[in-house]
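What follows is a pair of complexes built around chain A, which joins chain B in one and chain C in the other.
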Partner chain A sequence: MKKALAIVAIVALAVPVFAQSGGTIKIGGTWPLGDITGKQGSMAAQQAVDEINAAGGILGRQLELIVVDDELKADKGAAAVEKLVTVDKVDVLMGGMASGVALGQIPAMKKYGKIVLATGAASYKVEEALGSDANWYFHLHPWDYNQGASYAQGWDEIQQKYSAVKIKKIFLAYEEGAFGKASWDATKTLFGAGGRYVVDGASFKSAALGGGDYGSMLEVAKEFKPDLFLWAGYDADALPMLEQAKAMRFTPKIYLGAPPGWPVGFGTSKLSENVMLYGMWAPSINEVSATSKKFYDGFVKKYKTEPATYFAPLSYSAVYIYADAVKLAGTTETQAVIKALEATKYASPLGQTISFTASNIIKHQGIKNQKILQWQNGRMEVIWPFESMTAKPVYPFPKWK
Partner chain B sequence: MKLKGSYIAVVAAAAIVIAFPAFLGAYPLNVARSVMTYMALAISWDMLLRSGQISFGIAGLFGLGSYASALAVLRGGMNPFASVLFAAAFAALVAFALGFAILRLRAMYFSITTLALMEIFRIVMQNLHDFSGGPEGVVLPKIIFDGYSPALYWLCLGGLFLTIGVSWYFEKSKMHLALTAIRNDETSARSNGVNIFKYLLIAFVATSALQGMMGAIQVQSYGFTTPDTAFDANFLMLPMAMALLGGIHSTIGPMAGAVLLGIASEWLKLKIPYGHLVVYGVIIILVILFMPQGLFGLARKAMRNRRKAGANNE
Partner chain C sequence: MANKRNATLVVVLIIVAVAAILVWRPTVLINGIQAAGLYASIAIPMGLILGIVHIVNLAHGEFMMVAAYVTYMLCIATGIDPFLAMLPVALVTAVFGFVVYKLTIKQALKSPELNQLILTFGIGISLTQVANLIFTSQTRKISFDYVSASVDIGDLSFGVFKFVYIVIAVLMVVGLRLFLTRTTTGKAALAVGQNPRGAAIVGIDVDKTYGFVFALASALLGMMGAVFITTSSIFPAVGSPFTMKSFCLIAMAGIGNIPGILGASILLGVSENFLKAFRATRGWADIVFFVLIITVILGRSIKGKKA
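This part shows the complex of A and B:
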């Protein structure tokens, strides 16, 4: 009988109690809050909500942001969508970072057809899973193939503008996991096709995953004598790889890193000088964009810390884009807001105007390019695209002293 | 009479959980699916643990089942429901073949080998680009039952019921005696005529089939799989933590642990959005430090003390 009571108690515990609230225009956000991208992304979205509310809200109503942590897990991300839509009754969904989580969320998103402003999910697999009918899906972040194409375009334009910059041989050092392997496949396809560039590469075990010895990979790279040395790994690899490159006197003409995030304080290391990187935003954009400055100052004032990831201005933009569309539509009704979103022309803090056009499959793709940046005197400077440029590139990467 | 009461309670509890979709919305059903998946993995891990063998291969077999099911549907055109059964059979077959080699190992050698298997399965799936989709994985053309929440819930519940059923069979049949004898003293078990390899193989194959089946249910419910999500270490660590919290060497212990940790995780997330994982981790550490026998062990001890005290009073 005691066992019986225990079973009934377990079942009773399994019935959760869920509350509801109402009265405002509700924005449901899912981000990985344990990761800096999601943490700062959600903080920036809250900053935008507070700014809009302080200015009187939208259509006389206040905005309310409800954030649920997706924990970088597909099942948790899907549960978060179910909660936000069915329990909190949000008007719009936004956020996201990892493609794996987005893939898990898509079935639930399709079921409800709520407007989604996605700040992450770069994998083309996500676009395939969405299909061409998902007219409620507005993807702000560039797809992986958009990013690859923009890098190719960026290097073409840089070579045209600066005659000293000449790239023929590209070497990609990639971490041996999914992220690195995908980068290698994309680089081979994009730069290796047609014989315009000579592409080679080697893998390494990331320091983030128990590795950290880049010796053999750097030897292969040094032997190859690349014009552009590009590494795809994690923030933990940034400084040790530079240390080992310095020890080996490996000085490619361009040393470029493409981790999802950089280690805190990387810019203060002397080794960082003239290292290039791919990204979407840097505090230096404040000099060329008033919206960026407004966002940056507001973030620092509110949270007493600097935004360290482009997911912050991207998420901030998502809130403003939705708010502007609701204002234009005069309602939160889905079809009217979709129509208004299609007319978006938002001068974002990323230093570019966001509007939505078709990509390979979906109808509403926002940003299609990344930026090429360079660490100069401890600051991330934008060197391409030229309309957001904050400094000229320092080329070639200086010899080690 | 006592036995009858137990059966009635089990049937009542089963009826309540079967009826959940009648009064719960899509969100709690989704959370319940997640809890049930971890619960089934925790129980299956514990089933092999009853022989004294600590397997770190749960996530590997779960991931293998995910891929077997997804690829059977995508490449073989198999019915999604049939693919769940296929995945269970495939995981069982792999476990049967591997069992001949690894079940001769004991203690940490067995544990480390099963952990290595998980990594090998992941690397194989990551590198079979054309077949498994490589690091980007595969996306299914549609979700089983068109994503209808109650049906997905019942499918997962079916997998859980089957796991509980097999676990109870292990507890009530001579498997229990054999596995306990192996755990307590392998030499004396052998000298008493217990065919150690046979029982270990049965336990390893059965638990692998259940883990593969849950992986298949997961992939059919979410419509995609990648090496990183299918072989995620969470499918190893969380079930172990749940079993340890609830109490090992029983069916009910891992069940209690899964419900408590599963709901605590979701509740903490809603109450402490920033930092809930830290609190969750601290809870797990404290429980394992101060309640090594788990909740079920603690309850058993309390009941034994009460009974002893009652006998002394008489």
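This part shows the complex of A and C:
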């Protein structure tokens, strides 16, 4: 009798475990967890999973997010894909940030052919490595050439709408690494070709890599007298560069930054006022997007901190896009879900509807436009595209007092 | 006589070069000296430890990072200026340095040098990771109006605040010289640095002296970390690049030569900014750093062989 009871007890305990592991839809995520963008990306994905599960899950099944840290290293990223597919047996892969890591992951991704919803990897080299056959790859983040084209379009439209804004001379200050050099090449090609704009530039060593002295670069920029001064570096450069620009009385008509993120409390500094930036999301989008507000409120409630970069809403979107596709397909079977993903029309927290269309090589490119924003009264306001606009641009950048 | 003539020639050449740079592009000298001050004031505490304790502290930059975060938190919590925070932060980092010395470095003093390097390297990585866990990788910076203080001379406008670093470096050199030559503790430290066994024979407590020097260097670095946050953003890896730069400046100056660190820093800072003044050589600043080190060390070795 005792034996029988013991067997019944073991079975009773084991059944829910089996039912749970067999029943969940597994999402495998790789992000660099030591970096705030990756960490918050994984947190936002977990938030989306929890929200969907609280609403009853998908097809009566719960979602389960398994995250592996890629440590911003290509080999770790590749190992993470292997582990998620072969050990955890996930149904879908998502996440990512750095292009270098994505390049390392692509051979493993190709080997298994799992659906991938990529939240990072902007380099065109990643697209080249994928090739045109990778129909399982859904790229949410814009490619570098998409970003450049959208900025050019943005400035054209801004100049048309606001007659006071006139841009002829563009100066790019770029950090000495690969990111900065790619930005410089893209800027020369996009704005310098055809003689419509006069483009000049100078490099600087980013504070993130032991630099932080911008004097000689700013001297060149000041001599050039640009209408638009753009710097491509890291968040560590944001305030020290402004402080040095102020000391040198350098006041371009547009002062624009394009770092991947901004320092904690940048908006509280007086120097931030009217600085423009390229980006994809800001809390001000809550005013024009209900999904953004839902995401933002949920994130702050769950984690007691604000999303610091657009990688959080992008990762949140990735989970919802996949969940909606599984719901539409009625199964997690790869080909059925790919077909459903192709029909995606997701009103994302980024203030735009995401659907997948072809880019230069791959078939499934999500977002193609970036946004032009401006710091106004401590907030990032969207000034372009006009359909997501939260404030008018303040022009020109005021003279230093 | 020949040596005196050579020295005079070098001084004249330096004066001519400085005058030429001032006329051609004064910002080369201005930015160069400002950068040199920063390099020197971070490297001097490391030079003190290396000269007396004979340990290459590969966690040097991370010690400064800790000081920078302590200052940042203090300034945010109390609203005080980093210059006022210098003293309390120096006290905190002195205690921190002393504890690190007692718990770890002291245990490895008699180990092979490679073990010591691995130990301090490990301490540095641990500090960075702990800072990453507590503060995340997102950078932090407080803006201070005085950082943008500038001077206008004709069409030339330049920031003057960063000259504070060269003042700090000079104060460190003078202060340490006075301490090491005029005080009993300083003389004892100098003796321990030159010959620890001999110093022990004459009754100097070598371990106590090492602990004191480590704490003193940490305090100086703490003060420097406090000022550092006025001009720089802080993040967990902010200190790492300064460790190697400091070590190389010490190598250029010669171990134990604290005024030499200031000289090497000025040479490096001005050379870097000289190259940055030309479009074609703008990205060569890091190369000049290594070229200078190799030249100086090679020159010294050849001179030593001849002697």
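Please note the rule applied: the second predicted complex is superposed on the first by the 379 of 401 C-alpha atoms of A that agree within 3 Å, B and C clash if a C-alpha of one lies under 4 Å from a C-alpha of the other, contacts with A are read in each partner's own complex, and residues count from 1 in each chain.
FYI, a contact is a pair of C-beta atoms (placed from the backbone, for glycine too) under 8 Å apart; a residue touches a chain by one contact, two chains touch by 3 or more.
All values reported here derive from a predicted model rather than from experimental measurement.
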For this session: Once the structures are superposed on A, label A:Ala207 by its partner contacts, choosing first (chain B), second (chain C), both or neither.
Result: second
For this session: Identify the partner contact of A:Met248: answer first if only chain B is touched, second if only chain C is, both if each is, neither if none is.
Result: second
Problem set entry | First, second, both or neither for A:Gly215, with chain B first and chain C second | second
Exercise. Should A:Lys161 be classified as contacting the first partner (chain B), the second (chain C), both, or neither?
Worked result: neither
Exercise. If you count the residues of chain A that each partner touches, which comes out higher, chain B or chain C?
Worked result: B
For this session: Give one of first, second, both or neither to describe whether A:Ile106 is in contact with chain B, with chain C, with both, or with none.
Result: first
Exercise. So, does A:Gly34 touch the first partner chain B, the second partner chain C, both, or neither?
Worked result: both
For this session: Answer with first, second, both or neither: which of chain B and chain C does A:Glu71 touch in the superposed model?
Result: first
Exercise. So, does A:Thr86 touch the first partner chain B, the second partner chain C, both, or neither?
Worked result: first
Exercise. Which parts of chain A are touched by chain B and by chain C alike?
Worked result: 34, 39
Seminar exercise, completed: In their shared complex, chain A is touched by residues of chain B numbered 2, 5-6, 8-10, 12-13, 16-17, 20, 24-35, 37, 126, 134-137, 139, 143, 147, 149, 218, 222-224, 226-229, 232, 234, 252, 255-256, 259-260, 263, 266-267, 269-270, 273-274, 276-277, 296, 299, 303
Seminar exercise, completed: The chain A residues in contact with chain B across the complex are 1-8, 10-11, 13-16, 18, 33-34, 39, 42, 67-69, 71, 73-76, 78-79, 82-83, 85-87, 100, 103-104, 106-108, 110-111, 123-125, 128-129, 177-179, 181-182, 185
Exercise. Taking the complex as given, what residues does chain C use to touch chain A?
Worked result: 27-28, 30-31, 34-35, 132, 136-141, 143, 147-150, 152, 157-161, 231-233, 235, 237-238, 240-242, 245, 273, 276-277, 279, 282-283, 285-286
Problem set entry | Of chain A, residues touching chain C in the complex | 34-36, 39, 176, 202-203, 205, 207-210, 212-213, 215-217, 219-220, 234-240, 243-244, 246-249, 261, 263-266, 269-271, 308, 400
